[in-house]
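Below are two complexes that have chain A in common, paired first with chain B and then with chain C.
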Partner chain A sequence: MTRDLQPTLLVGAAALAAFGVSLVNFAAQGTVDAQVGLTFGTVLVAFGGVFVATRRFAPEAVPHLLPPVAVIAGFGFVEIFRLNPFRAGLQRWWLLIGAALAAVVLAWIARNGLPSLRRYRNTQLLVAVGLLLMPLLPSEGSLPIRGLEVNGSRLWIEIDLYITQLNFQPGEVAKLLFVVFLASYLADRQPALKGAHRRIGRLTLPEPRQLGPLLLVWLGSLGILISQRDLGASLLLFLVFVAMLYVATGEGGYLVGGGMLIAIGGVASWQMFDHVQRRVSAWLDPFGAFEDAGYQVAQGIFGMGTGSLAGSGPGLGQPELIPNAITDFIFAAVGEEFGFAGTVAVLGCYALAIATGFGIALRSRDRFNKLLAFGLTFVFAIQTFLIIGGVLRVVPLTGIALPFMSYGGSALVGNFMLVALLLAVSHEEATR
Partner chain B sequence: MNGPMRRMASLVFLGFGLLLGALTWFQVLGANGYRSDPRNVRTAINISGKERGLIVTSDGSVLARSNPDPDDPQAYLRSYPEGPTFSHVVGYTSRLVGEAGLESAYRNELRSRRDLTISDVIAALFGRDLRPENVLVTIDAELQRAAAAALEGSRGAVVAIEPSTGAILAYVSSPSYDPNAFLGETAVANRQAVLDDPAEPIRDRAGAELYPPGSTFKVVVAAAAVETGLAGPETAFDDPVIYELPGSTATIGNANGGPCGDGVTVTLQAALVRSCNTVFAELAVRVGAGAIGQTASSFGFERSIEFPWSLAESTFPESDLTDDAAALAQSGIGERNVRVTPLQMAMVAAAVANDGEVAQPYIVSQVFDADGNAEEVAEPRVIGRPMSPATAVVLTEMMERVVTSGTGQQASITGVRVAGKTGTALPEPGQPDVWFIGFAPVEAPQIAIAVMLEDGGPLGESGSGGSVAAPIAGSLMERYLVRGDS
Partner chain C sequence: MPDLLLTLLRLIFLGLVYLFVWQVARSISTHLGLGGVRRRRRSGTRVALVKSDSQSGATFTVTDSMVLGRSDEADFFLDDPYASDFHLRLSTREGRLIVNDLGSTNGTYVNGRRVTTPVDLNRGDAVQVGKTVMEVR
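Moving on, here comes the complex of A and B:
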């Protein structure tokens, strides 16, 4: 792909989203309205804006990351618009805000350089932990920032801006900070961590002292699970940590140890928490628990099965039967209305974006850049896998936003910043 | 670091492979199962308000149609002009309470293809007709209405078959319900009222409920006896007042309490004409469970019969009866372990009428497009040969005597030779299930019929097959044949 193709592809993605919205319009009212133009404009301005920012601040960045992401965002937007036009209006603003923040990130890195991210490492970790803990703030009281409980999980904060209130999931930004911190920490400590192992028979185990951080992060993840009842974020943080540790050191023992800790944590939380048990039983037999815990998964599968190869067509299915169809289950809603053709296209775009991310990591020579690109890509990939896998019964359902598709401003902002960082790394590595 | 990184990337794409595999199952290979799952209301929602094809009889009676909705120019309203009379055949399709009957079995043919789905658009591009197809049923509308009227106020069923083809001429289960009540906004409450009705109108007594056949089962036992050469019409049997069940102190007596004939010997023919239990109990033991079971299964027992909806399987549990002569003797007179549907007993009568061949019963003769061109036409076929044509002639003669001089005299029709057999089963004391199976005219059968009423019909405890079911069967066959002649 030549670089000149990128604007064409982004216009194509915007046109695709606009065409989808026009079909939804037509199915609902038999005519087409201004939403079509607005959608085209939003997608084009958002992703075109990021593209212009890369031209200016990171001209050597890889050209094939933005187009698949724009297509994904377009698909998601059509389905959100079809299910909840009001929320689609909000999502439109979040797309623009996320894109603007991505441009800011690109500009800031162009001015200060990627290494500047390594400067306040411990502060970053503290901020990340602080952000993660913010939803635990009291939900009543005079503080301008309050914790919120939504669907039994405590992931949200409500920011009082006096004129209006803004709800935000600080965890979406915290996980970026966590990856930046880990990349920086592991880049420095890599020689020490590597080779620090002892052999027991044929098994190579890391030095017990080196397992300290592993256990610490494991406990932290469990803490998130217990205090916020958020299976997804807990699993995500721990998986990213183990994967980055393994990549930095090449020690398979970390994978084995991490796997064992996940197993222990999984079994323990299954025994301790009702909500984990419900998730697991809904995973094993959603149709047996149709009236209860399995309803959402079963409805998602019914939707995708009814959609079959070609789908019902946008606006012509019944994805509103699926609970949380615009957030956790947006993939099932796409499956119902766009069919197997649509879901394979979406899955292909994710695969393309993720492969591009891994490519950036593999080609990077600087240790920090390499780990950063890998960690960011891995976060993106694991989120995608966990939530689509949950919808498709490959893994138990965890409430995680599908990157760039699910409705939700915080996730969109976080993922735009993630893409901006990846673009910055690819530019920096290309110009070294 | 690139080695571990490549391995982690491979792991991620392995995970994506799993996602693709799961997706292929849910949306391609297993999609039909999920789409048609009864808990998946999407199909019902999709077709509500859309145009659907007609369900009609050959005389032009409309059983189901779609009319334009006066309130919404784009929508249609389904209606069932015949109301309860055809409900167990036509069924219903309702956004709120699901679907049943032909409306369910022929949903793909009856639906409009103007759905704007991609596959329908492709079909349109290739010039395929998008209008819904229509279903022509074999039911004779007038006979169906007459049968429903005859069962009015009783619980029971009438099934009539054209013996040579297997075409269903009447399929009535009484009491019935009005499928129109399942269509509107009050569908859920209306359906609950139907489900709560103690007379259980939702049940399909014609084909999906099992009853003891009583003495009508003697036709099956006689067919097995004649076919195996163990007995003929003139074979003489002992004529005791009671038959002692082998290995038991229990006994079987005749309906009149006395002997069947002169108290010394009686022929098989006389025993069938007078419906003597003593003789048939002994005959069943002589013929044996194996031979009776084989004949029964050729008639369609113990087999799932292909039909637009699921039928109950009539049973003659051969393996349970092989070593239990007492149970075999009781089963030989249609009690104990034998259970049948009225449809199955109509097939028994039809097989005797059709030179011993059982025709596959069918209820849809044609699916035709909006211009009236046939798309699918039913092909009659034979699914069993329980007896030779010679045996069928012998049985026909015996069954004709039942109507001319035996228990089935009330089924006789002036100027038409009728063959038949009555039955009165007593699963519960005082609540006889009364039966008549038969066919006419004997020389060239055009209709075979089974009539069954629970609890003795209007006569209650004192009702019998001969006094309640036989006259209904006679008048229905007369109506069908007389009109057919004119």
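Moving on, here comes the complex of A and C:
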């Protein structure tokens, strides 16, 4: 792309979102209202703002990461607006806040340089762990920050600002810190981790001492599973760690070891925890568990089945029958109202964004930048895979937000910052 | 009638989304230079590894400048225990291929003679690094 096509595409994405909202309006009341203009403005200001920030602070950044992300966000917004106009109003603010924070990240990196992220590595890890543990704070009491239990998982905190209360999922930011920490840790330790293996017959295994960190992270993610009852975050953290370890060293043994640990952890938690068991039975036989955990998955399948090839049309289906249709199951709602065609378009946008991210990693020459770009893209990709796979019954359902589509402020903010970091890496690599 | 209109509008919406995806995909492929591979190959010089423990038959194309060596960060990785991390540079200038030894430990040999200064290469010349022999195509 000539870099000049990007603004056109971003305007196009905003126009698509506005068009979608006008369709919803039209289906509901036969006319269009001010929401159409507001949507166009919001998407344009949010992504246009990030674009302007890129021009200013990272002019050499790849030009085709933002457009697909903008379409994904627009698509998600249409479906949220259709299901819950009140939440859509909030999502609008979160889009703007997320974009503003992305601009702040870009400006900060332009000022201090990417390598500055490598300083205070251990502090980053501590902050990440602290953020992950924050929801465990007592939910009653005089502290201004309280833990909150939502849908059986303890992922939320409630911050009392005296005027108003703000609910936030600190795990969304912790993910990013964890990736930054891992990138700098692995970039420094790469020579030590590489080649430290033992041969047993034809099998190459990592040196037992090197498996220490692997076991530690494994225990940590099991800890999250137990304490917060959150399958998604726990799996995500461990997968990111194993993938980055593999990319840093090129040792297939880490994949084998990581895979075995996932299998052990998976089977053990399936036997020990009721909530994992219910997820698995809802995955294997959603209609058999229709009265229980299978209800949501089954409704999602009904919805997508009803949507068929081209969908029922925005505002004309019944995605409100799917529990959590604006968060975890937004993909099923898109499948119902925009059909197979709509879901494939969404998947295409994700594929393009993810391919661009991995492209940044592949072209990076600096070890830290490469690992950072890979880790960030992997987080983005694996979240998309886990939740879409959960909705489509490819994997058991894990409660993870679909990046840029699901309703949710913390996830949106976290993902905007993730994209800003990727843009900063691509700029840095292009100017080296 | 409104039903028909809505269906039409929906299909237009989906069509526009696909148009958009296609535009982005096309721009990515031009950015990655997928369309320009053939052109570039003609302008560069091809070098083939004719003798190597593990890389025999591998080829690469020098378009601008390339560093060969045993380091991961070299442009072309030489799997040879006698190669230095950054062993030599191959560069093109006005259509000629030039080899430049980067102060390697075990030296670079062109047609059997050790070179220490930049040397022009011709088609068929053999460049030897350790046990690896490359031929200019």
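Simple rule for what comes next: the second predicted complex is superposed on the first by the 432 of 432 C-alpha atoms of A that agree within 3 Å, B and C clash if a C-alpha of one lies under 4 Å from a C-alpha of the other, contacts with A are read in each partner's own complex, and residues count from 1 in each chain.
The working rule: a contact is a pair of C-beta atoms (placed from the backbone, for glycine too) under 8 Å apart; a residue touches a chain by one contact, two chains touch by 3 or more.
In this text, all values refer to a predicted model and were calculated from it rather than measured experimentally.
When both complexes are overlaid on chain A, the residue A:385 reaches chain B alone and has no touch with chain C.
When the shared chain is aligned, no partner comes close enough to touch A:279: not chain B, not chain C.
Of the two partner chains placed around the shared chain by superposition, neither chain B nor chain C is touched by A:92. Contacts of A:354 after superposition: chain B is touched, whereas chain C is not reached. By the touch criterion defined above, A:374 lies against chain B but remains apart from chain C after alignment on the C-alpha atoms of chain A.
By the touch criterion stated above, A:304 is placed in contact with chain B alone, chain C being left untouched. Of the two partner chains placed by superposition, only chain C is touched by A:5; chain B is not.
When the shared chain is aligned, chain B and chain C each come close enough to touch A:316. In the overlay built on the shared chain, the residue A:154 is in contact with neither chain B nor chain C. Chain A has more of its residues touched by B than by the other of chain B and chain C. Annotation: chain A residues 27, 310-311, 313, 316, 339, 355 touch chain B in one complex and chain C in the other.
Taken together, the chain C residues at the contact with chain A in this complex read 2, 6-7, 9-11, 13-14, 16-18, 20-21, 23-25, 27-28, 30-32, 73. Chain B makes touch with chain A in their complex at residues 1-6, 8-9, 12-13, 15-16, 18-20, 22-24, 26-28, 30-35, 37, 39-43, 45-46, 115-119. Those residues of chain A that touch chain B in the complex are listed here as 27, 243, 246-250, 287, 290, 298, 301-313, 316-318, 321, 335, 339-340, 343-344, 347, 350-351, 354-355, 358, 361-362, 367, 370-371, 374, 378, 381-382, 385, 388-389, 392-394. By the touch criterion stated above, chain A contacts chain C in their complex at residues 1, 5, 9, 12-13, 16, 19-20, 23, 26-27, 30, 62-64, 67-68, 71, 75, 310-311, 313-314, 316, 338-339, 341-342, 345, 348-349, 352, 355-356, 359, 365.
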